[in-house]
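The structures come next, written out as structure tokens.
The same chain A turns up in both complexes below, where it pairs with chain B and then with chain C.
Then we have the complex of A and B:
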């Protein structure tokens, strides 16, 4: 074994099983899908053929049907992610700051109960709630708020409610962790230095929670974009999402080549969103840093932006999982 | 001064109200399902009369019980396999020499699995299992349960790895060095020092893999084989035909069991001296 080889492998021996598994059961099959996307469907009974390689399937993907479903999916996932963020920021702040520490654990556990309830079953709960002859509809009619039965099930609005509900815990959790680990000391320091409540929130708590916001948004956006279960339970025919189109090519149309091309487009798109989000987060952080800087009268600039994430003491971030986005959060010292 | 106090209590009140509203939102559909599981009627959505008929007939329904068992078996297998892979991977990543290239590559590969939409995993796995099982003659790949475990593990290993890496990153590696200085072999120091230290992370990772597998619908619907239909896939196909109260009844029973199991895990963690916030965070994988 040459020393260079040893230097490259180093202490990686322990990670070999993980490497092998992920390459064999993730990288290889996905590479196979990419390969299929250059093929074609020769006849009714064959799923794909690789005898003639072309980009033809990608041209087929960019059809009006696909594009309209694609835009609709995008609208639902962007609105869904933003709505989750708007709901979760005050909630996570309340949980991390206002709730007495003794009760925090119990309430956090309660937030996770939906997370541990089957995804489909929760969605079925919404189907019952939103149904035109359900109890909500009858109650609303009873008190005269609605003249006719509730007409929301099997519409895009129902899908929107369903996805916001299903992915909300994934937004609350990283936000709570980020706001909680910032600790009470920095907020007290900010108040001692004369900042009001809102100023402390926008210049100390929120910037410190940026990694949580980024991971929360990605944790919600990525699975939401690929999800079609919620949409097909609550949206019916009006709830076609992009994932459904891909699945149809494999499960019904038996056109693996076209389905693969759609899947590759979906994957590249998701990846692009992740990269753009990461870049945007960096820009926003730089802006917050610039706007939030404090000019000290002595002209000393050292430590002027104590409120931004980069100046967080390393130890306080160590316990964060940084799940999906280890590359995009600032990364702990051990990353 | 009094004005300031009143204004502060106003935002506080708003936050408490918001907290309550979000909790109602989070529990509304679950409460509905639990309530409707006591529906004696024929269809889930139209409430007929109160009773436990759904529980009785649900537990006697062989198809339902078989699919729940398939799900539980697949989730157990996934939790075991993903935890072993994630523990090795997570510890190796946390203890990697600074400046080495492989940790970056492995992290990138695992992160890639997380940003890959589930439907892509599904359509990638299906032809791959056919290739391995039929073309290459590796018969286990034709077994429904085996397929579910392999696919769910590929899907959840990344999260387990990251949970354990985060846990180990917070622990000083000098503890292991001390063990080796005191004469322990590399293996003994790993078994007697590193593994116990990673304990809470391993537990959280296993729990996470179990839940992910139990909940998985899209990936399972691609790789499943006749006779091995997992519970979520059963429900999803029932949605398209007609939903009977049995689905709600069995789901409620499963929820109660899950919560009991989680309470037990919480108790174990509490006895090892964690604060309640910490316990929940550990269990949620943060």
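Then we have the complex of A and C:
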């Protein structure tokens, strides 16, 4: 890297590979998609034309079919994200708090084992598990829980199960890191102050793991909403998720304009869900803070003591605290 | 947690045959200790001596392998940490970073479902007591080390524990602040009458604050006593060497005249300890050396007297030496003395208006038999 180049970029030179990559392979394509969404498909052999700009594609998008798939997608991704969270929280807690550090490496590796296999292949694996003549079906019939073969493959339920499986590690990892970084000391301090395991979890461990919860939810929710492999493999051809519809427009129908409009709507809705959830979280946080606040009496001594204490010599400062202590002693019977 | 601040029912701990092993290695070996109600007790020892493990067992963070811990008539041994009427000030303070100072202090009171109004009052009092009232709405991250420590202290004391455990709480503070806090903590403890158990590896800190010091080494108690006792009458050569500066010399017992030993050190100095003096083996029940035994002789640097070499020895214990180095330490002047070719000993004399003796000066080193301690152990 020449010095002139570095002078031009400044300290951001270090981030150059990242932002260059993001600019050329993310920002520009997304901008193109947005641009195409205002175009139209002029004839059977052309994917798009920008000769006449309109919002016509968006009007097409707001069709009943699209909207029903859209709500289904939203439901699958919200339920999927929440399910991942509910499954991952106890696991991450167990891994970060209960498991001796020496064995964590192995368990984390096991969490990541599914990633060693191709996404499509391990989703296909679920076809075998969920098929009517698969071992799950036969086992359930064997113990009498099912009267007829399992009928779940190529349904929304199958997609739901598949996405939870596919995205669970993405929830576990940030949660584990967050819970691990809170450290054993704070949990001990909490126990020392009289909080049992559950109270410590809800008042210390979980609040401190909030950044992990947020990043885990984002890591799961965003790609899950756009997922189309799981939906195609386990949901069948009728299209249970929006990603399938988008892919269909680009690949089969060769209607890039309509596909682009669908993609833009998908992005905007994902963004909206994230923003609304974030706002809700902030409100909840504010409420918790308000409920848990400590109101100190605004007596005169409290205000003046603070101001004058710093100017007094050591001995008198210590003595000045005495009225408060005698107050503490008389407060004893309340305890 | 229904303790009140009345000294009458402050914590009296009794520890019986306490034993703790980590993976087969003993950290605490069959330890017995009685801690009096309302005393300031220091657990002092080098790192790895088991003092922190002992404290953590009292707090309930470690389960003893064997033995009993009782608070008054309550058996704490199997009680989970959150039910024990003891509180801890942690080494790194362990303040909750997601809570304001006031919420940190209120945490324990909330767990015991104290009425909201009382929480406010007690948090106010506790913060005022440690002079952190004006920081109530800050987050711990915005405070200095000393301020965080005060908050940690308030957070523990606000619960009115019977016993307060302090795990090297001052190790992160700079010297001046630490000395201020020592005075303050001692005054606070006197006033509240709560039993304080203070873990430290810093002997000055222990000497400055404690009613009693428990010197620990290798999972065992080496000596229990007041600051003066452990300093002037160490029970063994470990304590003699660990507390304060010490000169150790190896010597052989030449004769024993009814308890009056005559020792000869490796460099042929004759040492005459006072018969049955405080430091004498017989007085403290330590093994008495017999003629021919090799012993360790301990003489404190401040008990040595230096005179210019042309004088006549005025004490039975005297040896000639040379000043190899002089350091001015403020309130004392420290001399490194060379006896013979390779025996180095330290001498400390209070700073006076007299000009310190120069380097390379030949001196006569004198001491009293009463200041000589003799140990048969290996140290």
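Rule of thumb we're sticking to: the second predicted complex is superposed on the first by the 269 of 335 C-alpha atoms of A that agree within 3 Å, B and C clash if a C-alpha of one lies under 4 Å from a C-alpha of the other, contacts with A are read in each partner's own complex, and residues count from 1 in each chain.
Please note the rule applied: a residue touches a chain if its C-beta (ideal position, glycine included) is under 8 Å from a C-beta of that chain, and two chains touch if they have at least 3 such contacts.
This structure is a prediction, so every number in the text was calculated from the model and none was measured.
Asks: Between chain B (first) and chain C (second), which, if any, makes contact with A:190: first, second, both or neither?
Replies: In the superposed model, A:190 contacts chain C only, not chain B.
Asks: What is the contact status of A:129 with respect to chain B (first) and chain C (second): first, second, both, or neither?
Replies: first
Asks: Looking at the overlay, does A:290 come into contact with chain B only (first), chain C only (second), both, or neither?
Replies: A:290 sits against neither chain B nor chain C.
Asks: On chain A, which partner touches more residues: chain B or chain C?
Replies: B
Asks: Between chain B (first) and chain C (second), which does A:165 come into contact with in this model arrangement: first, second, both, or neither?
Replies: first
Asks: I'd like to check the shared interface: which positions of chain A are touched by both chain B and chain C across the two complexes?
Replies: Looking at chain A, the two contact sets intersect at 318, 321-322, 324-325, 327, 332-335.
Asks: Considering the complex alone, what residue numbers of chain A touch chain B?
Replies: Residues 8-19, 21-23, 25-30, 32-33, 36, 87, 90-91, 93-95, 98-99, 101-102, 104-106, 108-129, 131, 133-135, 165, 168-169, 173-174, 177, 180, 197, 218, 222-223, 225-229, 232-233, 243, 246-247, 250-251, 256, 259-260, 263, 266-267, 270-271, 274, 318-327, 332-335 of chain A touch chain B in their complex.
Asks: Contact residues on chain A for chain C in the complex?
Replies: Listed in rising order, the residues of chain A that touch chain C are 185-186, 188-196, 199-200, 203-204, 207-208, 292-297, 299, 301-302, 305-307, 309, 314, 317-318, 321-322, 324-325, 327-329, 331-335.
Asks: Given the complex with chain A, which residues does chain C contribute to the contact?
Replies: 1-6, 59-61, 80-83, 86-88, 90, 92, 94-98, 100, 102-103, 105-108, 110-112, 114-116, 118-131, 133-134, 136, 155-156, 159-160, 180, 183-184, 187-188, 191-192
Asks: Contact residues on chain B for chain A in the complex?
Replies: Interface residues on chain B, with respect to chain A: 8, 11-12, 15-16, 18-19, 22-23, 25-33, 36, 44-47, 84-86, 88-89, 91-97, 100-103, 106-128, 131, 150-151, 153-154, 157-159, 161-163, 165-166, 169-170, 211, 214-215, 217-218, 221-222, 231-232, 235-236, 239, 243, 247-248, 251, 254-255, 258-259, 262, 266, 275-281, 283-286.
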